[in-house]
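Just dropping this structure here.
Every chain is named by a letter (A, B and C) in the order it is written, and numbering of its residues begins at 1.
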Amino acid sequence: MLFAALDGLNYVLVIALVAMGLVVVFGLMNVINMAHGELFLLGAYTLSITEMLGGSFWLGLILAPLLLAVVGLAIEELVVRHVYHRFLDTILATWGLSIAIKQAVVLAFGPQSRTASPPFDFAVEIFGAPYPAYRLFVMAVSVAVIAGTFLLFFRTRFGLTARAVIANRRMASCLGIDTRRLDRLTFAFGAALAGLAGAVMAPLMSVDPQMGLGFLVPAFLAILVGGTGHLAGVLAGSVLVGGTDTVIARLWSPVVAQIVVFTLAIVVIRLFPRGVVGGRERR
Amino acid sequence: MTTPALAIDDLVAGYGGSRVLDGLDLAVAAGEVVGLMGRNGMGKSTLMRAVMGVVPRTAGRVTVAGRDTAGLAPFTIARLGVAFVPQGRDLFADFTVMENLELGVLGHERPRPGFADPVLALFPILMERLGQKAGTFSGGQQQQLAIARALVSRPRLLLLDEPSEGIQPSIVAEIAERLAAHAAETGLAILIAEQNLDMVMRMAGRCAMIENGRITADYPMAAVRAAPDLVTRHLAL
Amino acid sequence: MSLKPSTLAAPLVFALLALAPLVLDDWRLGELSQFLAYGILAMSLALIWGQAGLLCFGQAVFFGLGAYAMSLVTLGMVPGLTAVTSTWAGLAAAMAVPAVAANVVGRFLFYGRGLRGAYFGIATLAIAVVVERLFINWGFVGGLNGLMNVPPLDLGLAGWSFELWEPVPLYAAMLAAAALVWLGLEAVVRSPFGSVLRAISGSEERTAAFGYDTAGTKLSAFTLSAAVAGFAGALFSAQFAFVSPPLIGFALSTEALIWVAVGGRGALIAAFLGAILVKSAEARLSEALGASWLLALGLLFVACVVLLPRGVVGEVLAKLDGWWGKGRKDG
């Protein structure tokens, strides 16, 4: 029972980690990045391939966000920048990118699944029973990244500038704030978060070209359920989506869990368009 | 003749290809305060926004201290030394006074300690409320904060759009006199779009009349003081 | 009505398609028949996306519901109605089931505060994922294996039977169905109802402010679109003789979005051609290109969205209209 709760917490934190990158990009740039799942995928592959080439887990864990930041910059420059003013088209363009990235991965590394090894595979005793230490490490990374993102946005001058752009993009620009640079940095940051999430999750799951979608939809639902106006909404949404999923999966089955969670999420989004935490309404 | 802080030649601009501004010429010299007066819909706000690069320009030239601003993004124009206080002020309501002031300078340089002291001296009421949220302020306090936020970057040109709107007359007079003194002292050029003749008379050295997107008259303030109906008949319907 | 090249495009397309039996062998013709069903699906999506601005990530749900409804009826699997197995009953069910489903979902999503834009898109994406999983795990409809031996279309009535086995009659029936759908939807697009849809796409608030029932209008369009998609699914399953969960989910929904984006969301005929051109290219190129085909298709999709929002066919039609208009003015 305790381990079920820990696994549930693990799932919640990973959804929050994936959703954090999404909500930063959505909040700041009003761009829905449907390729976020594939950036997660690229992060996992970066780790797996680094290990295959003889590099350590830690090297892969550092390389993944760096590489993905560069990928994010390229995507922003080549695609997203051109469709800022056509909101629905940002969804389609990034959706197309997700197909292309997934397929490029299949071409480069084959459709089969790969593995990644954790840096340590011992277990720690929790209340007298062993629990994998790496899972605790994943939770620690998630908490650290989420806390770091909060600090970045609420305690730094970069964060102040970013929040000003969210509040009133035109006025921020009139004050001399380089909104273009901020857009580039934001997208790169969101991509780096996805890459880090993918890398840290890789040892726990099958690393294959389809792994992105499994996290994309729950992460989106978490954001919409929680509300897009606050970073805190991401946490609330992740707890609701991830927690419900874990409980139902344990009581019935993972299939029932997914069906119930997705359906409930749509109902909640419909009833609380601003999310359960509240905040601005976005279209 | 020295280079004017702002020079506008034959400017055509508007939303979606319309010609709200239709061949407008205007210049503001360093240290000069120019009032821009006209009825609603004549293009005052559009002129401010076109100078700022927010409204697309279709023809003509706008130079700031001699530099052509064609095709520049608003933040680049701001960095040439143009500060803008829009109609409605557009403060960051959920942010504190200090955060609003920091945002005025962050786009230009890293804020040094004490960066806000000169403007706080100009508007002492802000001093006691640095930690208060801007959205909780009265109209007059908000206007002072908006002007202070524009001034912390030490601009060469200040664009004020309807600053007296919704503010009680005694405070309008106070703001006008302080700004006029500040401009004279620092060489700041101010272009102020107004319907309130009192505020313009207190601040400006010249009064330009805008009608259907063009400047149709340009009076020295002495002439307006002698015969206010020069201006008021333009404003009447 | 002014006679522009784009007005002539649809009749010309259908006339050319009518000549296909003269040049294509039986196998190719059968393939093209299936693509016509995809073309109808594309038109159903273009109706809500291109006209009303409803970006639906789950259009294949309605296609799949139609395919399953058709199969269950014609296989005699509907409890209590096992004797009713005619194609006509199947088609009726294939349009009614998705229409009811869309109406229920739409009633929930559009009214009150309503979901719009991206929220609607993500809700439909989640619905597509859920429905696909539901069908994979539903034993009655065959689970992952689906339903086999779905009978072919039978145009017979009242005891007479006219089964469409042969490629040419089957193709003719499919083409007639596609042309009828185009005609019907084009009439909707050109009607005052179509104008309201486009107004909603421009600004829902403004349209509502003029006194239009925007939620009701969207609901009608969504329901109609679902019925048409179900009709396409029914035609597809009857000629494919087989339905399975990939027909109802998320991958086919995405494909439909690609066809419409590449062809052109603004004109029904452009979306229709988009489906046929993309599927034809896939049939020719996927063997030679292998996995690169999907990569190329993804990149083509991105390029169309970014550079050609009107789609390839839509752009060509718009250019032709432009030249035509200029030529007439100059002459």
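Quick notes on this one:
Just so we're on the same page, a residue touches a chain if its C-beta (ideal position, glycine included) is under 8 Å from a C-beta of that chain, and two chains touch if they have at least 3 such contacts.
These numbers were taken from a predicted model, which means no experiment stands behind them.
If each chain is reduced to the average of its C-alpha atoms, the one that sits nearest the average of all protein C-alpha atoms is A. In this assembly, B is the chain whose CA centroid lies farthest from the centroid of chain C. Chain B and chain C have centres, each the mean of its CA atoms, that are 55 Å apart. With centres defined as mean CA coordinates, chain B is found 43 Å away from chain A. Rounded to whole angstrom units, the spacing between the C-alpha centres of chain A and chain C is 33.
Shown for chain B are the residues in touch with two or more other chains, of which there are none.
Only residues 53, 55, 108-109, 112-119, 121-123, 125-127, 129-130, 133-134, 137, 254, 257-258, 261, 291-292, 294-295, 297-299, 301-302, 305-307, 309 of chain C touch chain A when the two sit together in their complex. Within the complex, the chain B residues that touch chain A are 52, 54, 73-75, 78-79, 83-84, 86, 90, 92-95, 99, 102-104, 106-108, 110-111, 149, 153. Remark: chain A residues 157, 160-161, 163-164, 167-168, 170-180 touch chain B in the complex. Here chain A touches chain C in the complex through residues 32, 79, 82-83, 86-89, 91-93, 95-104, 106-107, 111, 217, 220-221, 224, 255, 258-259, 262-263, 265-267, 269-270, 273, 282-283, going by the rule given at the top.
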